[in-house]
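Which chain is which? They are A, B and C, in the order written, and residues in each are numbered from 1.
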Amino acid sequence: MGDPEKQPGDAEASSALAGVLAEFASAEALVEAAAAVRAAGYRRWDCHSPFPVHGIDRAMGIRFTPLPWLVFAAGLTGAIVALLLQWWTNGVDYPLLISGKPLFGLPANIAVAFELIILFAGITAFVGCLALNQLPRFAHPLLRSERFRRATTDAMFISIEAADPQFDAAATPQWLQSLGATAVELCYEPVAGRAIPRPLLMAVVVLASLAVLPPLLIARARLVKSTEPRIHIITDMAFQPKYKMQAESPLFADGRAMRPPVPGAIADGQLQDDDHRYRGKLPDGRFATTFPMPLTEALMRRGQERFNIYCAVCHGLAGMGDGIIPQRTTARGKPWLPVSLHELSVRSQPVGQLFNTITNGIRTMPAYASQIPVEDRWAIILYVRALQRSRAATLDDVPAELRDKIR
Amino acid sequence: MHLNTTSSHLGDEPFTLGDSATAIVPLATAAGLGLLALTAVLGWLEHDSFRHFFFSYLVVFCFFLSISLGALFFVAVQHLSRAGWSVTVRRLAEILAGALPAMTVLFLPIIVPMLLGSSSLYAWVSPAPHDELLRHKLPYLNLPFFGVRAVAYFAVWGLFGRYFLLRSVEQDRSGDPQLTLKMERASAVALILFAFTLTFAAFDWLMSLEPRWFSTIFGVYFFAGTVVAGLSAIILMAALLQASGRLRWAITTEHYHDLGKLLLSFVIFWGYIAFSQYMLIWYANLPEEVVWYRARNAGPWGITSLLLLFVNLLIPFLGLMSREVKRRKYLLAFWAVWLLAGHWLDMYWLVMPTYHPACPPLGLLDLGCLLGLSCLYLAAVLRVAVGRPLVPLKDPRLGESLAFENL
Amino acid sequence: MTTIAPGIADNTVNDPSRRAPLVIGRQTPATVTEQVCRIAERPRPPLAWYVAFTVAASFTAIFFLLIGYLIVTGIGVWGNNRPVFWAFDIINFVFWVGIGHAGTLISAILFLFRQRWRTSINRAAEAMTIFAVICAATFPGIHIGRVWLAYWLAPYPNQMSIWPNFRSPLLWDVFAVSTYGTISALFWYLGMVPDLATLRDRATTRLRQFLYGLFALGWRGSARQWHVYERAYLLLAALATPLVLSVHSVVSFDFAVSVVPGWHTTIFPPYFVVGAIFSGFAMVVTLMVPARAFFGLKELVTLRHLENICKIILVTGLIVGYAYATEFFVAWYSGSPYEMFAFLNRATGPYAWAYWTMVSCNVLAPQLFWFRSWRTTPWKMFIVAILVNIGMWFERFVIIVISLSRDYLPSNWGYYKPTWVDILMLMGSFGLFFTLFLLFCRYLPMVAMAEVKVVLPHQPHAAGSEAQSG
């Protein structure tokens, strides 16, 4: 608490005076002194504290920062960017129908918009804070003061710049002392000045030049045509040493990689020369009336199982035409009913004709050829005959030993 | 935070309602009953077994109930979090919550007709015999259990509404800090019971209007609207009282600022919950869930839905964002009224499409129920408020409440 | 301001007429600085740090080795298979993202609610958020199979002329978690700038001065800078609050937008957010109880802070319980046989053991916090916190694995078994988390000194000038 101190070991003569730094004992003292400095008309000055001091803003007359407006504008930008991005990419440029949802629907697109609002606004808050605070600023005369090191621990300071019109190298420090400063010292500019060191500048220039190269190369690549395929860093299985369809091949006279099959070649299992078995027809073209395989219990059981899987949904488990699909269509008011398998018109059909119906479909019944193998179709027909017999039987059809069980 | 001297002014101003309020109570009660009777007559003239009347009544009943419930929530949370800022406005919330026993009486026009066999309001009261879904819900959606649950809800709400008011008023006389601790402990239990009773009340009275529909977030949705309504009512009450010359020192700009911040937060919360419910149901597009929103998307109801979005979220969000708006009590009160109107619209939108899917049937019945129940609610609130101080005079944290400052 | 009585060792006493002190001992800005900076400045950390670091670093090494193994070999090294295509990978992702949320809540939401007690723990909690988000982001990154194509998720013009599908919640996740990581990091770093300046000004070696100085950006504690800084802090807090709500809501959308029974339910967004806060606070307890003991921070991170955290754990645990009850009720009420089965299956099916673990850890264990001794005794709350973390991991297991293992088509039901890679990767992610946290404790300011100094009880003038001579 004496005369203004000078920084030790400094060539004061060759470095300019930057300002004066005054330390105060407490936050209250700081606020009072700040009010006085402001009242005295100083403009280029500041207070320093390890934490924001209550009331200092008012004392110093600090105006509200415009940062909130910047953040709001950035948030709005984020919203617009997000909505335009989603609308254009998914709705216009490459429209993708995803489970019937509209190409641009707010419920699905709000989430990303919300996130981009926050992202843009948050980044602006951070960058804006640094920019408005003129940070980073590594070289500052105050940071060269030993005493100032305590500004981030527990000490409070007021600094007035020499560039302020009211600054006087002799009077200002004295006056600050009279305001109650516990210590006052003068601060000097760094000897080398405030210029960025040359090596750093060179490094930045070099890096900037290098950084320009990739975009230039990309632009060149997009503008120039090439016959080479694009560079694949990881090829996955994109390039395979095999011939693809429609490709050229130098091995054959006609130049085709795809070879036509040898005339008369038939795929395995595709011969199907047995008309009776595979088409249900007799040599003269009429429908067959017999089964092309021996009739066994196993065949009947298979037929029952397959009928229940494939046919019962429409025809019903008993073939009455009351399966679950006709039930539902009736419930909805638009009945769609298959014919009952017990009708005379169906009972009188030869088995070959039934086979033809299953294979090729009839009226609104689709073809089941692709779903039911040939043997299974005959098994189903056998079971259908059993069902038909169950409704159109006579007493003679019942075996003798069971006749007295009938009521 | 530093103590300012306004606390010393507390003794200078009137802190009770005064005799004029006492005179209003019977007048308002009579007016309310008369208006309701008139509205009931109009409802009878529609010859729909009072269906329109019940629906209109339910809308307005839930509206006023949610104000008191929101106030109860506010009181309980302030106690649980040991808040200091809200002490001077807490009595207003306690008064609003103190009207909950009266709401029990106002529920009678809904429950009594149901007990007498009316299924005008809730279709599940007499479900069709072949309706499997409603039969499945019978263990819950049956009249006796419904009645028992209603009794339970009102018991919990009424008891806690009275408890917090009476303990707080007791503290006005004794100044015993132990009462604060008791209320803090009770608030924990109160909030747990509040969560469940509010959720199931929303399920019972609002969700079961459409008994085939369900949504797990429905209770939270109703809760969000409740808090917005409660906060708006507190703000409005504070502004009106200050306009009449009371509590001018007790409730400061800082209180309005904080209430405004809470209001904005819960407006956003309401929007978030509403969006969650809508988007999830929209996205999955399951018929059993979509049916409820389809009723509210079509034609005039679709316009109402859009209106709801703007009135309850988009416009108040922009309006309440500004720091200045939250610090000006009449601007804030404007938004409070706006949001109360929006909350009524929310209730209307929840309830009415079940009754009238074609378009919002706005008419005299709505006006009549609104006016009638307003008078009765006013009478109930005044009855609680009369003769009691409007500020918790000897709350241990009163000084803190008068002295805090916002950032 | 009502009277503060400094110097009470136990500040958990509940007296309505006064606010409990937020720091213990006669703390001045200088003593606070000393207590916190000493941790980063002393040449050797306590032995416990070395032990913990070795263990954590080993698990981190295992984690990275296994990631390499996974990328080279394929997703088949995990147990994921039809029908449980999402398992440990997504459970771990949701688990870690959830844990991160507590940090943001403490930093941002408690700041907006003017809860001054947050200042002792917010730095460590925010650090926890960053590290949790790092752990979380690894899992979706590696679970896509062809990890080297992850950049396809970004909307950039490409030779296939194709764009990402913005209608998918998985893509919303990409945006949400990236935004969350970015904003949390910016918030954390901005908060640290004044404290880094403190470390810079106290640095004794040139290297430390350079490194701390670089990241302190030349901070001078100027009042004009504080003004803008405080405004930016408030704005970031106001932005981070809806962000934290939205991130876990978007994560919940991954499940809720589907039609899978047990997944598609409207309450998921708020339920997930509350669950995240619940698990995050439990992790804060898990970290701070040992940290305050080993690093000598008991006077700054007091029993009252811990008690407040325990109360928040109790509240959020009750809300999670409410969500369970509502889901269960509405599953019955809906009348949907698939929904009803899904919930019965959780409680009584092949994974019932996981379900009941979840319920006991999430609903029952936190009830211990009704009792004062459990809220104010560090080792007791540590146990409950571990149980809560286990319970919350199992909650994601229950939701993801059980619903997938049995959905609409019985012919498609299957039982999932994790492989050793799954389990070791989960442990490895904990290793990564603790490694990063231990490094943070060693080199960065663990407590937000500048913020704590603001909430110190008002000091008379004397303390400042006496400390100057030091």
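We take it that a residue touches a chain if its C-beta (ideal position, glycine included) is under 8 Å from a C-beta of that chain, and two chains touch if they have at least 3 such contacts.
Quantities reported herein were computed from a predicted structural model and do not represent experimental measurements.
K.L.:
Looking at which chains touch, is this a line, ring, star, complete or other?
P.N.:
complete
K.L.:
More contacting C-beta pairs: A-B or B-C?
P.N.:
Greater number of contacting C-beta pairs: B-C.
K.L.:
I'd like the most central chain, judged by C-alpha centroids against the all-protein C-alpha centroid.
P.N.:
Closest to the centre of all protein C-alpha atoms: chain C.
K.L.:
For subunit A, which other chain has the most distant CA centre?
P.N.:
B
K.L.:
Quick check: how many Å separate the C-alpha centres of subunit A and subunit C?
P.N.:
The mean C-alpha positions of subunit A and subunit C differ by 24 Å.
K.L.:
Can you compute the centre-to-centre distance for subunit B and subunit C, using the mean CA position of each chain? Integer Å is fine.
P.N.:
35
K.L.:
For subunit A versus subunit B, what separation do you get between their C-alpha means, in angstrom?
P.N.:
Here subunit A and subunit B have centroids separated by 40 Å.
K.L.:
Which subunit B residues sit where two or more other chains touch them?
P.N.:
As it turns out, subunit B has residues touching two or more other chains at 2, 279, 283.
K.L.:
For subunit C, jot down the residues that touch at least 2 other chains.
P.N.:
Touching at least two other chains: 230, 242, 253.
K.L.:
Identify all positions of subunit A at which a residue touches two or more other chains, and write them in rising order.
P.N.:
Within subunit A, the residues that touch at least two other chains are 101, 105, 108.
K.L.:
Using the touch definition from the top, list the residues of subunit A that touch subunit B in their complex.
P.N.:
54, 99-101, 105, 107-108, 110
K.L.:
So in the complex, which bits of subunit A are touching subunit C?
P.N.:
So the residues of subunit A in touch with subunit C come to 23, 25-26, 28-29, 34, 46-53, 56-57, 60, 62, 65, 67-68, 71, 85-86, 89-90, 93-94, 96, 98, 101, 105, 108-109, 111-112, 114-116, 118-119, 121-123, 125-126, 128-130, 132-133, 135-140, 142-143, 149-156, 182, 230, 233-234, 236.
K.L.:
So in the complex, the part of subunit B that touches subunit A is made up of which residues?
P.N.:
So the residues of subunit B in touch with subunit A come to 2, 275, 278-279, 282-283, 285.
K.L.:
Can you name the residues of subunit C that touch subunit B in the complex?
P.N.:
Residue list for subunit C touching subunit B: 1-2, 14-17, 19, 112, 114, 230, 234, 242, 245, 249, 253, 256-259, 264-270, 318-319, 322-323, 325-327, 330, 333-336.
K.L.:
Touching residues of subunit C toward subunit A in the complex: what are they?
P.N.:
Against subunit A, the touching part of subunit C is residues 28-30, 33, 146, 148, 155, 159, 161-169, 171-172, 175-176, 178-179, 182-183, 186-187, 189-190, 193-194, 197-198, 200-202, 213-214, 217-232, 235-236, 239-240, 242-243, 246, 250, 253, 449-451, 453-454, 459-461, 463-465, 467-468.
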